[in-house]
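Got some structures for you, see below.
Next come two complexes built around subunit A: one with subunit B, the other with subunit C.
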Partner chain A sequence: MFKIKNISMIYDMNTDEKLYALGGFDLDLPDKGLVGVIGPSGSGKSTLMYCMSTLKDPTEGSVEYNGKDITKISGSEREHLRRREFGFVFQKHYLVPYMSAVDNVMVAGLGKESEVRAKAEECLRKLGLKDREFKKKPAKLSGGQCQRVAIARAMINDPKVVFADEPTASLDHVNAFNVMKILREYSKDRLVIVVTHDRSILEGADMTVELWDGNISKITVA
Partner chain B sequence: MSSRLSALKFVANNKKSVGTMLLAFAISFMTIYLIYSIVICTVISDEVITDRFPRYTTYLDISDKTLGVDRNDYDSGDDYAQALAEKRDKLCEDLKAIDGVDDAYYTQVLMTKYQAILGMIGYEFPLVDLDKVEPYLEHLDAELIEGRLPEGDGEIVVDDVLMKNQGYKIGDWYDEDAYGKTFTIVGVMDAPYPTCAGTPMGGTNSGWYIVILNDSEHAYVEELLGEVGIELSPEDEYYDKSTYDDAMDEISGIMDGVVLAIMAVVMIFTALSVIIAYISLMRNRINEYCLYASIGYSRSEVYGMMMREMMIVIGGGLVLGAGLSLLGSYLLKTCAMEPLGLIGYIWYGKQFLRIVAAFVMIMGVLQIPVLITMSRIKTIDAIED
Partner chain C sequence: MKPLSAFNYIRANRGRSALVIFMLFLTIMATIAGNYIASVDWYWAKAIEYDKEAVLISGLSVDEGFADYGSVIEDLEADEDLTILHRSSYGYSGIAWTCTMGFEMGSSSFVFDNADDMKAFFDHVGVECDYSNIHDGSVVMSCALANNKGLELGDIVDYSVDHNITGEYTLDAIIDDDSFIVFYVEHSAKNYRAYVMSDTMSGDELRDHIRSVIGERKVKVERSMEEELMEELSIFYVMFYLGVVLLSLMLAVTVNSVLTGHYIKRTYEFGVLRAIGLTKRNIRNKVFCEIMAMDIIAIVLGAAVVLLVTFLLNELLYLPKGQYLPYISDMGLAGAALSNLTVIVPTIILKGRKMTKADVTEF
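== the complex of A and B ==
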């Protein structure tokens, strides 16, 4: 699904000491499965995820998605991809504070209002939220519940790829385990890319990409 | 691609802040509209007087020079006064001879006052000899509806609207004279405009004029004097259709200026407060906009949502403001204007359109915080870097 060629990302291009977030490497990812991108802070794992999801443009190299270099596509094509084919779980959940849990999920949905609502409620139920919590606003939900709402928002359109950046960072072990269980379940039919520095949550991953200083140090395929 | 960026979600979930802004617009609308109602009430009420007054009577204070009398030609003051009186009487006779002039006489006048909500309108009415009271009222098409006509010196009849306006009752003292002389109200009449008619009293400080009882076709003093072969000089003073029209234009211009100035001040304050509120509101929502951009919404969709929210706030303010304005205007009319015998309406279309235009302008000004916010929208990767 993804073919990454010679990808590099340089910050502070105009200074003498260039900062390489990505050092120029190739990477192929499967069409489905749970892929973990692991590495310490500053290793370039989030940058890689942003480049793959069209949020950032690499300085050099290409990111082919289904045979098309998505670093060269127009703004509206990127929006189309992010809206229809990708789902996002960010480090912070970025829920809209004045909207209820179900509205926060629906905001990303496509299609008829009634269908999207039913789908959003189904997603939230699958993720373990109770019906009475659907109308609660983020301030009234726990960190784990907020993260599950964010995951439901990422999955509402059945995206082909879910990008999850440190999805368990703000969760306790139980909640972290549950979130990863959901993502693992989803990865049976789709591609889920989880960026993390916590190796323990990637247990059972189909593929693990280890980054160090912007370069791949190890790839493990289960 | 369908958009779920509904403006109603924000409105429904932020009733307090949306309601505050909506109310700010509504109150501004109502303030401007009611100030206009009050100011324009003075103009409309004044218009009735300035339009109708000269159709019935015109006043002339003619100079010695125009009458052809020179003080130096006379040894004594009495001779001089006698000569002036003769010239004036002759002029009055000549004016009476004009078709369209019922009468003309040199007589004392008294000031009346007509109280508007803002300010007061003052104008003269003649004090005529007893035998001229009835013909004068006939000329005015006025009808006695209560009390009696003057039967002695210093008695007056007052139009019913003016009675209401000033809160007079029959038997009240009408004390406009600086010498402390008082006139007594003996009757109420229904006249075409709020005025009085009465008989003089000796030793007052009232002014003297040639009062011409003309019809509406002969409401210009200069033309009337032209017909009797007299050319007016700058020393002559007169009050006729032209002077009242000029006065009305001036009053309308001043009042319009006052209304526009008040409107500008209120609108500037409204615009500033709403802009500040909007900047703060949008700053608090920047992460929300960034989320939308990250999950695939286009900038135009985000902008569209912002505009729809703005239109709900401003449109709601307009509707609520219009409702409050009409209610306020109705209360003003029934509780303040009508009891004073003043003329006022509930609906002022021109002012309504002006306020709508001002709101549209505010909407234009609000594009500044919107565009600043738009320029700050990034995708979440930029926030998390």
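== the complex of A and C ==
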């Protein structure tokens, strides 16, 4: 699904000492499964995710998605891709504070309002939220519940790829386990890319890519 | 309600929205100021309307013995299509009346040489009047002016009470007119002014025709009352619009500052919306709809307050009663629109543009 070729990302281009976030490497990812991108802080794992999801352009190299180099596509094509084919779960849940749980899921939905609402509620139920919690605002939900709402938002359009950037970083062990269980379940017929520095949450991953100083240090395929 | 709808945001952020709505509401208050200035124009409207039906000509002091004036009058009288009202004129400092906030203003005034000329003029412009008591020294007033001055039929309009009057007159007729206008009947032999009327020519056509009759002779065709008044009042209009723009710019800066605070807090919200695929147009629309929704609420509230304040001023403060402040006027609407647009257009453009650049990867 993803073919990454010679990808590099340089921050501070204008300074003498260029800072390589990604050092120029190739990577192929499967069509489905749970892929973990692991590495210490500053290793380039989030930058890799941003480049793969069209949120950032690499300095050099290409990211092919289904045979098309998505670093070369237009802004509207990127928006289309992110809306219909990709889903995002961020480290902090990044829910809109004035919207209810169900509204936060609906903002990403496509289609008629009634259908989107029904689908959002279905997603939230699947992820373990009670009906009475649907109308609660993020401030009234626990960290785990907020992250599940964020996952529901990422999954409402049945994306082919879910990008999860440190999805368990702000959660306790129980909630972290539950969130990973949901993502693992989703990865049975979709691609889920989890960026993390916590090796323990990648137990059972189909593929693990280890990054160090912007380069791949190890790839493990289960 | 759709999650991205403007009213969803306003409902969930009542405090913040109320502050912005209040500031946008202030822009609508320009309506009252505009209405006030327009009311000055409105007081003269009937006089302007009457004046348009006739053309005033004057003899000039350089015309020795007013010989040219006399010959022009003879030529005009020879034209059967024209009616000449000798020794007639108009002015702006008739009986002073108490206007808004207690200030005094001179009413528009017309002077006729005799009752027949006044009747001829009234018939021509369509004013209905009871002429039974009209004689030299009579005054005819609009009912609005009579009410304002507290005068009734038969009352003496005393010079000592009103310094704008040059003699003592009796109020002998009141016409049904809601502007502030007065008509005098006063014979004065040394008055070298005359109104010329025509049943077939419009005011402008008549003016041109009279000019051609006058030729090189030393007789002046006076400007219309409207032209003269507009010249006098134009400075007030310019000051009003300048004032509106200056105040609106200050308000625009304040509103932008308040909204900047709001939107800085919401940068990550828009960053996430961009990340999950909302287009730049979606983001601009959201910002546009939110600000417009608050503006619409402000306009509705502002309009209600303008009407209420106008009602209270007219009914309670501006005594004696009369419609001293119009509820609506072109100038009031233009002032409010100018003020409101000065505030919201840059706000919508600046905030919309900024929010489309929100980037979730920078948090």
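Brief remarks follow.
As a convention for this text, the second predicted complex is superposed on the first by the 222 of 222 C-alpha atoms of A that agree within 3 Å, B and C clash if a C-alpha of one lies under 4 Å from a C-alpha of the other, contacts with A are read in each partner's own complex, and residues count from 1 in each chain.
The rule is simple: a residue touches a chain if its C-beta (ideal position, glycine included) is under 8 Å from a C-beta of that chain, and two chains touch if they have at least 3 such contacts.
Note that the structure is a prediction, hence the values are computed from the model and not measured.
With subunit A as the common reference, subunit B cannot sit beside subunit C without a clash. Of the two partner chains placed by the overlay, subunit B and subunit C both lie in contact with A:56.
Of the two partner chains, subunit B and subunit C are each touched by A:76.
In the superposition on chain A, contact of A:111 is made with subunit B only, not with subunit C.
Within the superposed three-chain model, A:48 lies out of touch with both subunit B and subunit C [touch as defined at top].
When the two complexes are overlaid on their common chain A, residue A:99 makes contact with subunit B and with subunit C alike.
In the superposed model, A:90 makes contact with both subunit B and subunit C. Only one of the stretches 4-12, 58-66, 202-210 or 220-228 belonging to subunit C has C-alpha atoms clashing with subunit B in the superposition, and it is 4-12. In the superposition on the C-alpha atoms of chain A, the part of subunit A touched by subunit B in one complex and by subunit C in the other spans residues 46, 50, 55-56, 75-76, 79-84, 86, 88, 90, 92, 94, 96-99, 103, 106-108, 137, 153.
Residues 46, 50, 55-56, 75-76, 79-84, 86, 88, 90-92, 94, 96-99, 103, 106-111, 116, 137, 153, 165 of subunit A are the ones that touch subunit B when the two sit in their complex. Residues 46, 50, 53, 55-56, 75-76, 79-84, 86-88, 90, 92, 94, 96-99, 103-104, 106-108, 113, 137, 153-154 of subunit A are the ones touching subunit C in the complex. Subunit B meets subunit A in the complex at residues 1-2, 4-5, 9-10, 13-14, 287-288, 290-292, 294-298, 379-381, 384.
The touching residues of subunit C, when paired with subunit A in their complex, are 2-4, 8-9, 12-13, 268-269, 271-273, 275-280, 359-361, 363.
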